[in-house]
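Two complexes are shown next, each including subunit A; its partner changes from subunit B in the first to subunit C in the second.
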Partner chain A sequence: MSYVTIDQVTKGYENQVVLNDISLVLKKGEFATLLGQSGCGKSTLLRSIAGLEDVDLGRILIDGKDITNLSPRQREVGMVFQSYALFPNMNVFDNIAYGLKMKKIKNIKSRVKKMIEMVDLIGKEESYPHQLSGGQQQRVALARALVMEPKVLLLDEPLSALDAKIRKNLQKELKRIQKELDITTIFVTHDQEEAMTMSDRIFVMNKGQVVQSGSPSEIYTSPVNTFVAKFIGNYNVCNMEAFRKLVRSTELKGNEVAIRPEVLQLVSVGEDSLDLQENWVIKGIIKDVSMTGNVLRYEVETEESVFLVDYLHHRGNMFEQGARVHILVPKKECIIL
Partner chain B sequence: MRKIKKQKIYLLALLLPFIMFVIGFEIGPLVAMIKNSFYADNGIQVTINQYITIFKSKFYLQAIQNSLVISLFSAVVSVIIAVIAAYSITKFSQKIQNRILMITNMTSNFEGIPLSFSYIILLGNNGLFTLLFSKIGWDVFADFNLYSWTGLILVYVYFQIPLAVMLIYPSYQGIKKQWKEASSLLGGSTSSFWLHIGIPVLLPSIVGTFSILFANAMGAYATAYALVGSNYNLLSLQIASLVASDVALKPQLGSALGVLLAATMIGAMWFNGRMMRRIRRDLK
Partner chain C sequence: MKSSLTIHKVIVGLLVIYLLIPLVGTFLFSIAGKWDHTILPESYTMKWYIELFQDERFYDAFRRTLFLIVMSVGLSVVIMLPTIFIITVYFSKWEGLLQAVAMLPYGIPPIVGAVGLIKVYSDGPIQIAGTPWILIGAYFITILPFMYQGIRNSLRTLNAVQLVDAAELLGATKFQAFRTVVFPNIISGILVSTLLSVALLFSEFAFANLLVGGRFETLQIYLADKLNSSGHLTSAIVITYYSMILLLTGTVLKLTFRNEKYPVVSNKKRILSFFRKQYSHKNTTLEGEK
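Let's turn to the complex of A and B:
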């Protein structure tokens, strides 16, 4: 059951291709994320769906209707911008009511009131945008888009201008509201953690193409190429020839091997309990230890390359800098690319 | 604590030349003007007769009225043209925008006697265009008289427009593209965007520009003097003839007219401020 269909959409500026033959399909009520680095085309794709950019080739369909050539106001999509884009001369109520007034919809008051309740802004109806915090402004922007009951909600990095704590809160709330209204949502972000927490499905984009799509756990545990592996989870990506040398094996095929840092284990040299059946063993020296709160990250230098190894920070700092160690690499966690 | 005080004193000392300038050349003359206006023609008796004279004289009341009308009219016309012109300018590339602004800046300083003479040379009774068009047989300028109210308005509007464009143009930079996008996604047309968001956001700048244009026109003297001499009854021309003419010097009466001129400008600014607060309630 496809609700939003992007069919072979291509777009370029002058000599540069921004969207390169993109096709994707979303189900109704799905929370989909376009994830990628800046300049990968994710915002352009979102803006094309909104009608704020024209596409050169391809079609965009929502609920079976071809909207490729419709103007933004005919598309029945709502959008929230990174910079909120609230109208500065209107208070919260009028900002939210603007769209209803434009479309001459009845019972504006009750609909706006309901929205204000939903985004938890009761008592702020008379406030002007400059009197609100960033988080509150973003709630208004969300309410302004949702009050129109759009078929699709488009979110263009809506949380990236907010500080960490408010961002986490709004992530949860956004998700709650999305589920409550069962609204098909397309979310754009460059933050892979945010994408993982919020999405039903992630589309990883690179250079104007979707390089992989799937559920957050699919994307995280089975990246299809080096780009996704590196972008998604700090994977250790090692050239296959070098890896074969390190593990003294000739049976491995492929170009590269990707291994998540949290599946690796460190063992001091001299300890004998190495399970060689299940693991590859690589010799190395701890070059650096860093801590990101709950995670300890070791940088282990081997003959061929540096491996990152993550430990949960509960056993204390077990290995000192300069310590000689064996890295245990579980064979089944090695992803051949 | 003491250090801060010392720093403050230094800062104030730096401001001293400015403060002296303001007192000497702005506040001083203003106080003198107000004081003068309450003296009789002999400069000895204190009286309010000068004001009574003005309000009883049809001649002076007409001067005030003419000045108000021409100032309001030229300010309104110029603001409207400038709002549209400044918007058009923003649609050019940055390079062309800079060039247009340079020309605008230059022409905004083109006023007074040189401007009047330019107009006389081009559109006067024996002006270049007047003669050219009559030779060609176009009669568009046949009924046009530069030395009339229409001519005066034309010249006033001419020198007001560049100034208005210079003042309004920067505020267009404050209109975000995403407001337009948000408005269109919410079902608003281009005109509803300008009506509900664009113009209200520009309003402080429009109103401020209007005040400046109004004051500019009220006080304009050289342009009008060179063009119509004393043929046309304007407040600034009357003040000048009372304080600088060689027939009848009446500086006290001139001062009283000056006070009224200042009062109308202050009144206009106050009115503008009130209007704006009413429309833009977010700007408190």
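Let's turn to the complex of A and C:
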């Protein structure tokens, strides 16, 4: 059953189309992520769902009800902004209670208290926003939206202003709260790793359109085009003509081939345990080695292009800069685009 | 290091003395009985102040000035606050235009403005030349840049647009959002602009003299008139005047420092330039006296 439906929504500013005929459908309780580069229209889509922007064409439905022309306050949608947008003149309690007061809802106190417990802010009720850390402000913003029990929760890059460690913690906590309340959530990010860990479903956006949607592993293992392949997980994308030359084969079709860096293997030239049945073999020279935490990344120069090869960082995986190697490319892992 | 610090202190000290001497001199003169050949007065008296505070004309002038100021500043707040809010939040396209209009008064010297105003309003449908209403209109324009900058900066630093968005999503109407979220956060910013405007209008002379002059004697006109009679009395007026303005600026400064959390930079700059203006004003008064 669809719970949120975006139906052919188009929106432009002056002479620039920002959302280009976007359609997407979410199930109840789903955690969906809009993933895309800066300026691709993620915030605009989110703000359109919230009613903070008008759409030019198309419809938006929540729980079977057409909300396209309702004002923000009638939509029962909660939103957390990237810069939190807490009310500086109110303390934590009043910030969270604000919506309940506006809607004249009863037993404000107990509901706010429950929310404060949920986001782990006990003891901070009397603090003002400027007395809180970034992560705490984020929790207040979240609690302020959630206390209204919205039908849909919209999160616009809520974690991007926080440092890596707090960010990881809050990701987990956000996910926990989302599961606990079973709230349909649309999360915006341009960090593919964040999208992968959090989402039930990812919508990859480019230039105002959804280019691919699916579960994180679907998106990761089978990108539908070059854009997704490059954006998700640093795929090696190689022109097909060049690739055919490299592997000396004519049986391959298509325009481009995409290969994840972690499926590639390096073998020193001279070792002759090459499985030519399962793999393509490409000759190359190690141009550069870099380390990102537990991953060693080799840049291997071949006759046609540079390939990235990722290895887990442990002894025995060491190749020196300038070493001559063979790259083993598993045939099964080549994604033809 | 140390010697350069001393030089700094000396410079600051000289500056303070330079700025304070006229003020101290005026003050001493206002409480001096006989003061002919000595450095300090030979005797002191409060009679100039007593004379001043017993003069009905002074109170009348004070009341008129107060009326003018309250009317123009009040009108400015009531009109400009919603206008600027609506334009910055909902019609940001028009912001440039509003800013240009608000800055226009800087470009017109009061004399030119006054002559123009008298010409326009002495006949035709609105004949208010010579009445306090034309002065209120002129004052409204005079303080427009101050009010505009102050209110707009407060809204900017607050990120009012996003707060209104957030409040609306939580169920507030636009008006409720303004009243509960925006207004409480910009009130001190507005107060600063208001007090600065009041202080500015307190010392405005050109418009007051040219537009209404003796027909609606304000404090400024009264002061100018008294310049010709007793120097001691004038000094007493100047000191009274100055104390009032000092009180105002003190309040402004206190408010600004209390708001350090959400600093409104240009307000501070304005206070500085305002001080400069006050001092030069005092200096000319004193020279006129000698």
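Annotations for the structure displayed:
Rule of thumb we're sticking to: the second predicted complex is superposed on the first by the 335 of 337 C-alpha atoms of A that agree within 3 Å, B and C clash if a C-alpha of one lies under 4 Å from a C-alpha of the other, contacts with A are read in each partner's own complex, and residues count from 1 in each chain.
Convention: a residue touches a chain if its C-beta (ideal position, glycine included) is under 8 Å from a C-beta of that chain, and two chains touch if they have at least 3 such contacts.
A quick note: this is a predicted structure, and the numbers were derived from the prediction, not measured.
When both complexes are overlaid on subunit A, subunit B and subunit C end up clashing with each other. Contact with both subunit B and subunit C is seen for A:77 once the two complexes are overlaid on the shared chain. By the touch criterion stated above, A:91 is placed in contact with subunit B alone, subunit C being left untouched.
Contacts of A:274 after superposition: neither subunit B nor subunit C is touched. In the superposition on chain A, A:306 makes contact with neither subunit B nor subunit C.
In the superposed pair of complexes, A:102 makes contact with subunit B and with subunit C alike. Residues 50-52, 71-73, 75, 77-79, 81, 83, 85, 87-89, 98-99, 102-103, 130, 144-145, 148 of subunit A contact both subunit B in one complex and subunit C in the other. If you check the complex, the residues on subunit C that touch subunit A are 158-159, 162-163, 165-173, 176, 180-181, 184-185, 261-262. Contact residues on subunit A toward subunit C in their complex (touch as defined above): 50-52, 71-73, 75, 77-79, 81, 83, 85, 87-89, 98-99, 102-103, 130, 144-145, 148.
Interface residues of subunit A facing subunit B in the complex, by the touch rule stated above, are 50-52, 71-73, 75, 77-79, 81, 83, 85, 87-91, 98-99, 102-103, 128-130, 144-145, 148.
The residues of subunit B lying in touch with subunit A in their complex are 176, 178-179, 181-189, 192, 196-197, 200-201, 280-282.
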